[in-house]
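Following are the structures in question.
One chain, chain A, appears in both complexes that follow, with chain B as partner in the first and chain C in the second.
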Partner chain A sequence: MPDPVKPPAFPDERAPWPGPFVRYDLVKELVVALGVVLAVVVALTVLFSSPDEPPVTIQSWSKAAPADFLGVAVSELNRTSGVATYGPPYNEGTGSVQKIGPISLQEAAGVKVPIETAKDYVLEPLHEVPGAPRLRAALAAYEQAPAALQEKWAANYEKALPEARFVAGVPVLPPGRYGPVAPMMASLLAMGQSGALDGALLAGGHHFYATDYTKPLLFVSAGEYFEKLAEHQHLLGTQWGMMNETGSYPGQVWLWLFSFWYQVEPFKSSSNADALIFMVMGVLSLAFICIPFIPGLNRLPRRLGVYRLIWRDHYREVES
Partner chain B sequence: MTGTTPLGAIFDLNVPAHYLSWHFIQISVPNFVVIVLMIVVFVAALLIPFPKREREP
Partner chain C sequence: MSAPAHRPAKAERTMWTTRVRERAVREMPPEKLLPDRQPSYVSSWIYVFGVVTIAAFAVVVASGVILGLKGPEWWHLTGLGHFVNSMHLWAVEIFFFAMVVHLWGKFFMGAWRGGRSRTWVTGAITFLVAIGAAFTGYVSQQNFDSQWIAFEAKDGLNAVGIGSFFNVANFGQMYTWHVILLPTVVVLLIVGHVLLVRRTGVVPPYAARLAKAPPAATATAAGAATGAEDA
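On to the complex of A and B.
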């Protein structure tokens, strides 16, 4: 066997390979790798199955927590909900607009998914209920009333809601000046509990394929019911929820750094946390991509010497 | 409808997970297990020797 020759620091890439050759069957390796992965997937499926959390729908929410549902519905009608005041991409509000210094990417992108909460979540779905002359009369009375009176009715209803009782599923509030809002909310609750509101919000865009869950998701997520379910499953942002999965399944471990920033100041208490963390992660990702060009950091692999551990046989042979 | 009941997994993971807490750090046991397994695979990849093959001259 010839003596190994120490390779030059910068070999001529055009020169023929001076070292030894090894037989290598790429197709065989591919087939073996696919076979092994398939066997592991089948074994893990049999052993652990997959997450099977029942979906939270407007129907399940309005049945389990009707008062919470009505609270959200009346705030959508009165345009005081989180979605109604959110800002871009849903409307021109400013309630959840985030900035990095003077720059707001959210505002720059503009309103791309317009949502008018009173119309989209309450009035339009109620107009789709067939028959129901009392509901028709209530809707007409509400829509013809001045805006100030509409707000007053909805505000009165919202204020009295904590004292509401439910008799055979129908909300009964203490006597008060709720105008047509009370029968409208009772109809919307019935619609929600029947499952019709899920369909109405999905088909709101009148597209043939109803796959846009934006409206029902925003509606459900405004309630305390949904937040408590998320808290129980450790899925809130304050619980490193981005990393977690429902049940006892492993989650998105690779999102640890994104989740980390939300747990520490100044991001934890900042109303611009999303925008700031987006920027921090952008800068860190750029730095990571540029490691080969950053003096000092680009010498790290040589200093750590992990490559010598991987190719230890080669280096032992070369240095002996 | 017992004839259509699907078979369950051998280990049912559709139950709430346990969580490890240390100061502000919270991690689920399943995520912790995955991280430990990744470290084990990384160390194994470093330490397990390459299979020896016959070299051609």
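On to the complex of A and C.
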């Protein structure tokens, strides 16, 4: 029978502790911890505040980078943009479909957030513009034209766009066969710069309330302007962006391992990087939960010996 | 109608309420639920980080409740709102810092030994769910940061089919996950985790290194080395 006043050197992990006890005020500890944490939080708040970079709107984008806006808009119209060719959950494209081996969970999940880029980003918003007989005629001409001709007009426009000038905010392209696409794009740019396109994409013209930003976000994020802002804020994937925050604030630093995989091969250059990294992190997360049941790993702490530092008073007493 | 002073013992035992109460008291008597003493080995700063995690979580919830009640735009428009949002951010950073230190501490202690595996499992799941709770908060900020995080995260979530029902660009969805669903799960997990700690007690130290161990103790240590420390 162990001495009740001396801690046992070989405690039974399942039995009640037979050694000495000490007074321990749990409630006081919690209250003190709460007070200290609150004080530290207030101090950090006073000292550092928090970042709040304003969001990019279609209006701010189309004003700051009209050529970039038009490039995205015409590619949405011509269904050649990243969103138009993305694949599930937005459409039946294959441009961004990823696989793990032969299996594509992305395709299996199906199209659940449908986006038809020409209709959603260009044609429907332009149909909402009141009056504007020239725009009406242009829309009618475009919609009645054969698909091949529509594609040719849009492709010609896209090709000539780098040479565009802006006269009083209106895009002026070199002479070419753009058909009705040129006046349509000019109207869409005006709509974007007025702020009307932000509302049109969010509400879809049918709602008063709206909380789904999928369409405007995918539209805005297709432009180089958006990416350059993110690069300036060191938020790109290649800059460990997932765990960063705008400015010099700590972000989701607990995602460091997730970000890490994107920086190394074979993930870095893989077209299936996202799917593969999700799989790796899923396996690692499961292993983390199951540490008590994994042979070898569950005995690692004993080998590491850090526990002797944590319980140094205990060992000093029982080993003396 | 007043209840009779005494019921037959058998009838009482069949009542669901009685059963639940008796089981709760049996499993978790008050002195076990809120003990005022701990084994002598509970004397390291590492033990503080579990309580600091809970304290930080309380500040996260309190500041989050204020932000939620004032509406998601309030903090962008007022100085007080920005102050409360900043508190929310820093409390989250402390919460994760304390939880990570707590987890490392428990790992180094092999805190799952002696039938305490469920305590580790609930703690680890709490950490992962809390990451989800924080993530949905980041995409609910309604600023450039949330735009960019949603833009980046969508590809990963879409690549494994999650994006079809968990749309990071849908503010309504993300806000519901952030202010109701995930915090509720975290609260339930923390409550379960703490009750498990109280029920099984704090894991005792590994066997000491003595020149010569007594026979009974040698048997215990050998048992641990051959698998007794597995869950």
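Details
By our rule, the second predicted complex is superposed on the first by the 289 of 320 C-alpha atoms of A that agree within 3 Å, B and C clash if a C-alpha of one lies under 4 Å from a C-alpha of the other, contacts with A are read in each partner's own complex, and residues count from 1 in each chain.
In this text, a contact is a pair of C-beta atoms (placed from the backbone, for glycine too) under 8 Å apart; a residue touches a chain by one contact, two chains touch by 3 or more.
In this text the structure is predicted, and so the values were computed from the model without any measurement.
By the touch criterion defined above, A:55 reaches chain C but does not reach chain B. In the superposed pair of complexes, A:217 makes contact with chain C only, with no contact to chain B. Once the two complexes are overlaid on the shared chain, A:306 sits against chain B and chain C alike.
Contact with neither chain B nor chain C is seen for A:149 once the two complexes are overlaid on the shared chain. In the superposed model, A:21 makes contact with both chain B and chain C. Looking at the shared chain after the overlay, A:245 reaches both chain B and chain C. After overlaying the two complexes on the shared chain, residue contacts for A:264 are found with chain B alone; chain C is out of touch.
Looking at the shared chain after the overlay, A:12 reaches chain C, while chain B stays out of its contact range. When chain A is checked against chain B and against chain C, the one touching more of its residues turns out to be C. Legend: residue contacts after superposition of the two complexes on their common chain; A:118 is shown touching neither chain B nor chain C.
Residues 20-23, 45, 48-49, 51-53, 233, 245-246, 249-251, 253, 306, 310, 313 of chain A touch chain B in one complex and chain C in the other.
Interface residues of chain B facing chain A in the complex, by the touch rule stated above, are 8-19, 24-31, 33-35, 38, 46-47, 49-50, 53-57. Note for the complex: chain A touches chain C at residues 7-14, 16-17, 19-27, 29-30, 33-34, 36-38, 40-42, 44-45, 48-56, 86, 88-89, 96, 98, 100, 105-106, 108-110, 112-113, 211-214, 217-218, 220-221, 226, 229-230, 233, 235, 237, 241-242, 245-246, 249-255, 272, 274-275, 277-279, 285, 288-293, 295, 298-299, 301-302, 304, 306-307, 310-311, 313-315, 318-319. Against chain B, the residues of chain A that register as touching in their complex are 20-23, 45-49, 51-53, 232-234, 239-240, 243-251, 253, 263-264, 306, 309-310, 313.
On the side of chain C, the complex with chain A involves touching residues 34-44, 46, 48, 51-52, 54-56, 58-59, 75-76, 82-83, 85-87, 89-91, 93-94, 96, 100, 105, 107-110, 112-117, 120-121, 124-125, 128, 131, 134-135, 138, 141-153, 155-156, 158-165, 167, 169-173, 175, 201, 203-210, 213-214, 216-218, 220-221, 224-225, 228-231.
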